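Naming follows writing order (A, B, C, D, E, F, G and H), and every chain is counted from residue 1.
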Amino acid sequence: MTTSNLEEILNQYKQGTLSLSDALKTLKWYPFVEKKNLTFDTQRYLRRGFPEIIYAKDKNIKTLKEVLKNTKSISPLIMSRLEYTIYKKLKITFPKLKYNKTASIGYLDIPPKNKSGLIAVITAGSSDIKVGEEAAFTLELLGAHVNRFYDLGIAGLHRIMDKIEQIEESKCIIVAAGMEGALPGIIASMVSKPLIAVPTSIGYGTNLGGFSALLTMLNSCSLGSAVVNIDNGIGAATMAYLINKL
Amino acid sequence: MTTSNLEEILNQYKQGTLSLSDALKTLKWYPFVEKKNLTFDTQRYLRRGFPEIIYAKDKNIKTLKEVLKNTKSISPLIMSRLEYTIYKKLKITFPKLKYNKTASIGYLDIPPKNKSGLIAVITAGSSDIKVGEEAAFTLELLGAHVNRFYDLGIAGLHRIMDKIEQIEESKCIIVAAGMEGALPGIIASMVSKPLIAVPTSIGYGTNLGGFSALLTMLNSCSLGSAVVNIDNGIGAATMAYLINKL
Amino acid sequence: MTTSNLEEILNQYKQGTLSLSDALKTLKWYPFVEKKNLTFDTQRYLRRGFPEIIYAKDKNIKTLKEVLKNTKSISPLIMSRLEYTIYKKLKITFPKLKYNKTASIGYLDIPPKNKSGLIAVITAGSSDIKVGEEAAFTLELLGAHVNRFYDLGIAGLHRIMDKIEQIEESKCIIVAAGMEGALPGIIASMVSKPLIAVPTSIGYGTNLGGFSALLTMLNSCSLGSAVVNIDNGIGAATMAYLINKL
Amino acid sequence: MTTSNLEEILNQYKQGTLSLSDALKTLKWYPFVEKKNLTFDTQRYLRRGFPEIIYAKDKNIKTLKEVLKNTKSISPLIMSRLEYTIYKKLKITFPKLKYNKTASIGYLDIPPKNKSGLIAVITAGSSDIKVGEEAAFTLELLGAHVNRFYDLGIAGLHRIMDKIEQIEESKCIIVAAGMEGALPGIIASMVSKPLIAVPTSIGYGTNLGGFSALLTMLNSCSLGSAVVNIDNGIGAATMAYLINKL
Amino acid sequence: MTTSNLEEILNQYKQGTLSLSDALKTLKWYPFVEKKNLTFDTQRYLRRGFPEIIYAKDKNIKTLKEVLKNTKSISPLIMSRLEYTIYKKLKITFPKLKYNKTASIGYLDIPPKNKSGLIAVITAGSSDIKVGEEAAFTLELLGAHVNRFYDLGIAGLHRIMDKIEQIEESKCIIVAAGMEGALPGIIASMVSKPLIAVPTSIGYGTNLGGFSALLTMLNSCSLGSAVVNIDNGIGAATMAYLINKL
Amino acid sequence: MTTSNLEEILNQYKQGTLSLSDALKTLKWYPFVEKKNLTFDTQRYLRRGFPEIIYAKDKNIKTLKEVLKNTKSISPLIMSRLEYTIYKKLKITFPKLKYNKTASIGYLDIPPKNKSGLIAVITAGSSDIKVGEEAAFTLELLGAHVNRFYDLGIAGLHRIMDKIEQIEESKCIIVAAGMEGALPGIIASMVSKPLIAVPTSIGYGTNLGGFSALLTMLNSCSLGSAVVNIDNGIGAATMAYLINKL
Amino acid sequence: MTTSNLEEILNQYKQGTLSLSDALKTLKWYPFVEKKNLTFDTQRYLRRGFPEIIYAKDKNIKTLKEVLKNTKSISPLIMSRLEYTIYKKLKITFPKLKYNKTASIGYLDIPPKNKSGLIAVITAGSSDIKVGEEAAFTLELLGAHVNRFYDLGIAGLHRIMDKIEQIEESKCIIVAAGMEGALPGIIASMVSKPLIAVPTSIGYGTNLGGFSALLTMLNSCSLGSAVVNIDNGIGAATMAYLINKL
Amino acid sequence: MTTSNLEEILNQYKQGTLSLSDALKTLKWYPFVEKKNLTFDTQRYLRRGFPEIIYAKDKNIKTLKEVLKNTKSISPLIMSRLEYTIYKKLKITFPKLKYNKTASIGYLDIPPKNKSGLIAVITAGSSDIKVGEEAAFTLELLGAHVNRFYDLGIAGLHRIMDKIEQIEESKCIIVAAGMEGALPGIIASMVSKPLIAVPTSIGYGTNLGGFSALLTMLNSCSLGSAVVNIDNGIGAATMAYLINKL
């Protein structure tokens, strides 16, 4: 849709040939802002229900600054996989940019919210907490309560058993696990809530950078769960957020 | 937990040393039935909220008959990947066994239900319908309304656009796609409901039996979705069912 | 051949009770028998402690007959992955050949033994029994007691808990599992006996013919276990047998 | 063909036993220059229509200098994947060497040209611009007009829709995308021009260094496109250049 | 876009609030036909320039009949990977359906055309002709002249050399090769026309179902070529067709 | 099990409603200690027979300190893959922490033991000693005698032959090998003791980070062996330890 | 080279402008015969030293007949991977076609030769003989003496030791092995002759269709050997033949 | 050790010129030297025909020094993949250690030889020279003449054609190539000498660290060649050396 189309829609609405609801429906898809090398989708928040979330890792500082400058007035912004040293450099130009170090998340203009709902975020080991926190902290930014259960690996099954009732109380369960990645299947077998499994890249040798855990989770014989990309805490959080909103 | 433990629990309850709620909590985990070569988890329906679901493909007729004989009095039963010829043979001994041919699903003693909620089940091509129906029909057996949108592949994007508002009305969206598997990401980018992506094994050459579609879905830059195993309609249906129940 | 045997041979030669040619023949290590296309290792039983075990699957009937004809007088014989139809054809020529159908094992001249020791053989699902029986029946042929626990998958964890004490009583534990292959790790975490994990090829899609289960088992964070090839019941049985003999 | 053969051809031409056109045809294949460790194909420009293009990455400075010294008088030269620090060192000896930093391309003696034709170069995200510029800048060096559309990812489909008519105006379309790599298929489905898809290595986890995007592109159900190696902007540019020349 | 939207557009055009060109632009995206389980993209021919092309392999007879019945009045139709036995069954109901056996292509209502342009289709071996013909025959159906060069493998390089001048005369070159897949790179190095490489699944062992040839083609150091999926003659043909049309 | 359950058990025991042996059986599963982000399984030593073994590599110093602080009073502790520089930093706070540099193992409060049993630890090359020592030193910490045979690769087979009798004297054999990984199969063919094969990541090119050796070991036709993860000396040691304890 | 070039060469030779040796040198590269769909390289025997060798597996009967008809008068012919049933059909039209069943090789017009040289062909198991015979019989057709050593697997190492001196007597050694594929490395470590390793597809599970054996052979630490494709007896035979000819 | 040696030993023992203990020591095949952590195979030169060749890359300085100290008096020594900085450190202690920088080879006590035979060493690009030199320089150390042809890639085929006659003059041909790895197959098709193909890891993206070139070489339809591990110049050199010696 071009600017002239937009003018036309507005004129049609003014002249009464287009109803208010039809105009709104159309505009929901419209606006984006074009900058040198960047094309901002300014309506994502309206359409999808969560702010602009940028994967910072493969972007250079110049691009990140352009993103920050342009998003500022349009949408709240979350930056995942933002290294601390990069954050410190961005902070100089954008002093309102905040940061959560364990989750490696930067964020700007996230409006305060009344939190609602409850998501359980579980990790198998203490090495998986980085991924767990990417999910948990994102969910808190999006406006959900989070109940964290960290270091509940299957090598000590009684730790899990003890927590099952608490876990069951949440609306949705996120489980991050590396190595053999068996924890999500174990927990799914004992609960009646949807479960999102996050394979992590923790391990070595035949771990294949997290593929071992991923395959375990995809092949789980415990029904009622689904899987996101390796180390993808953000993906799990947004899926859980949409479930939590229902 | 052994039978003697069970006796103990019951005795304690009788003697008043164990409260009703504590006894129930314990019993929720207990019973299973041991048959030659089979160990039935008889309480799954109670604990997880859906009937016994058996993957029929790698089991021989003898084992399937044993499953049917023993499950009959305990739980409703769904058998996935049940070939028509096998079904016909089982039907002789178990005349109440029913069958859905497109979905390759056999089922027994599924109680009638008031359906509630609405799930959208979408396929990219007509070759993916087999997987789509495994999900859709399972959801109907479990008690959900299903809205089917079949053959909406990305090669004709306008077909998708036209349906987005209808799709948005459901509580959860299942999208099955083979070949490049891009459809779930396209739809996720336009809705605000949780989406479950199902890669199918449709394709050839570099398709790698569905891995091409799986990787596409796991790497999607459209947030708010999760993935199940290749061709795993049952997995998507049970995840969607737990979401629908919320 | 030990050093003392060698000394004896040398002394016999020096004393003239052993001819030069006989000494030479013996010093080439051990006897073997050469037939057209086959070279039999006749001393394996003596050296390794178990009979000749032949993998029958990729051999044609002609070769299998040659094996049977030549091994007969030398060593007990176990034939793994022997299809029933092939067995029936071999039976005509070798009427003493016996067969176990679930395990697909043929055997000849296995001497009766006083069984000793106890091995637990566990399967996650009823589809894995074929592999479980290959292990269990081989162990019984080799002279060990076997305690079978079939269909104990992690989707109903209480079934496992109930059996742990019985499992702990064995000298060594074999666990066969397909799909996500998490069962060996779960059991290993609760026992103090060496555990041999056998991935099976049961599953579909991302199962990759058993690789999913294999990777799970190799990456297990429960220490005290080791893994054999996919569907390799014989491999697990011989490892367990050597442990049991200690 | 040896130097004496060359002499012979020339003599035959002189003596009239070889026509001009036959002599030319032969010479088109002939000359190359042998230096220590290097064998220059001096007629590539004549035969293929584009200058010598060197992949600089795995070559050490000594080799690069030898290449520059010898190519100088024979052919224009493009050096891809040339790191800035290496460029600075080469610049000292070869002051006429130029450099484009975003594209990591060095170039020497590229003759000014009247540009003709129009190629669209599109990237899915801002992280893919590096690859997009390798293609776009190479095309400009070769003598084509380029229309850049950067950051048009499928997570905001309306951005793409808005540009389709402009994209359609070009003779050939290059689309670079990482992660799930779905953009080329989406665009191909809406245009009637040949499309070259370039998978990029942007992503993480199951991205497999760009293989996820590559497989998506190879399995695309949108016909009328072809694929080059991961991150291979040069490959896409030369293919587009040959199409543009038609 | 719904039917009521269509009405609105038409009414606006009638009333003069929408210009002819705007109406056409919109309608270009509109119509599709919904049948049970099928959603036909009826305007593909208009938008993309080639008829509906259906991948027949994974569709059952019932679906193929539905496709034939509905496409008939709307668009010419090409069915790739259509087995001869399936074709014979469809022929009964659709007597106008035609078939090319080497190419395994069925087609219906392809309008006669004045052919234009010239594409070279080359195969490395006689085993690759099946794929070569899928490409060559599709191009002839689409309206291009084709020059076939079959069995020009690199094991006899002089065969290739002899043909290079003829090959150079075409507007675009398709090269199908299995096993090591080196032929496209060899030919690309000697011509100045765009080349489309098609890996075939011919070979064994480490051929990996065509992946060996695919990787060779993607890694070719001869610039000016691009690659399609393994055995994807249709993909190469449509890419070549769009190039030929320029 | 919750604290109140624990109270109940204890009260039941006090009141005589629970026997001593039942109380012990229950308590064996009970206690764990919850710290911020860590959930300690305090009874592992009792249940499994070996101390807490922590994989240090993917944990940051803060987490490792927390582990040391909390485990100190509960269990002996072994830390594998602990880099020397990290060890030096931990040593400041925990002066009793000890370290074995070749094995990269840190350890704390390992009680002195009377060693029993004998395990052979063999490496194929001198590059594999790192992995061999991880196994050998762990076994010594756990209380076993170890007989080391290093650098016995198959390129000089007579070195192996010479040691077979000594190797046979141990209760269990660990063999670490990289590159082609053939040594475990060679040794297994000559002994009658259970053998644990450890693939190492030593090699290059098609070695695939140790997968070459892993596949060799899993496919070995020498029966009586099993395999652990690549470079997993700890895994081999704990398996051998449980065998040695029998 | 075109026919007119050929005329030119001949004329130049006639007129004395081209010497005899130059004419021969050129003609060595020239002739091929073009048939519908086939392009015969008629000079291969002259140039490379062995007859036309056709891979029959992926060719249909019609193509094989065309090959036989055209090659007949030009070159001896070997057809590998020729199934017996296909051979019987070809035999009707070409009664002089001969066949070796174990090797699955058809051959025509192979001239009788004085055999020279000696190649050892070794297999690890009796299942590998099919591949061993493809190599051995091809070598005999090409004119070499072959010494066969079958069923010498590493599970009985003394069988190998006994044969080493005989093996050493050959000019070149071919070793075919499946499963773990360790035999070539073992033999190479004991001889001073070039060794060609042939991985076979015998095995199951993690064997990966022969990749396990292939990787073992490529990673062998025994120097002095090289590898051919999985099951590629012909490849090994031609390599050995060229070595034998030296 | 030959049978006649064995007879001699036995006779010496009978005659009393050899003590029992000396006979025993000798009968254990051949002498080797045991040092802490190292077991030297001192007879390799005698048995295999080339000196001790050590892969230096994964060994630390301490181990390399031990190797140098112990090998010194026993055998000439070649160290492959020896980094320059490591070499400089070793040089201090072992001043007679020499080094070739392009080949990354260190060597000690290589006796001067009369070179014999001729091997052609060819590389496809200038980036492959590192691998080419590892082969070429090793061959020169072993005593062969080497003819180098560097930078003869297939993108300029005429360069190859020009050299074929020179290449044909050698006894054996080594061809190193990265990226698509097609050069060995091209050259093999034009010569009658055995060819050893060396895939190199030069390339990016789908190159997979050299696997692309490896697969090309293994699948080559040009017979008469074999392949070694990726970047394995030493492997190619030793194979060529054994061929050259014939």
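Just a few scattered comments:
Assume contacts are C-beta pairs under 8 Å (C-beta built on N, C-alpha and C of every residue); 3 or more make two chains touch, one makes a residue touch a chain.
No experiment lies behind these values; they were computed from the predicted model shown.
Chains making contact with subunit C as well as with subunit D: A, B, G, H.
Each chain's centre was taken as the mean of its CA atoms, and the one lying most distant from subunit A is G. Repeated interface, listed pairs D-G, B-D or E-G, reference B-E: E-G, with more than half of the contact pairs matching by residue number. Work out the mean CA point of subunit A and of subunit H, and you get 53 Å between them.
The distance from the centre of subunit C to the centre of subunit G, each centre being the mean of the chain's C-alpha atoms, comes to 38 Å.
The mean-CA centres of subunit A and subunit G are about 58 angstrom from one another, to the nearest whole unit. Residue positions of subunit B touching 2 or more other chains: 55, 155-156, 189-190, 205-207, 211, 214, 218-219, 221, 229-230, 232. The full set of touching chain pairs reads A-B, A-C, A-D, A-E, A-F, B-C, B-D, B-E, B-F, C-F, C-G, C-H, D-E, D-G, D-H, E-G, E-H, F-G, F-H, G-H.
Interface residues of subunit H, counted against subunit E in their complex, comprise 124-125, 153-157, 179-182, 185-186, 189-190, 203, 205-208, 211-213, 215-223.
Subunit E makes touch with subunit D in their complex at residues 47-50, 53, 55, 171-172, 189-196, 214, 218-219, 221, 223-230, 232, 234-236, 238-239, 241-243, 245-246.
Interface residues of subunit E, counted against subunit B in their complex, comprise 1-2, 29-30, 32, 37-39, 41, 44, 55, 57-59, 63, 66-67, 81, 199, 201, 209-211, 214, 229-232. Note for the complex: subunit D touches subunit G at residues 12, 17. Residue ranges of subunit F in contact with subunit H, taken from their complex: 126-127, 129, 149-152, 155-159, 161-162, 178, 202, 204-207.
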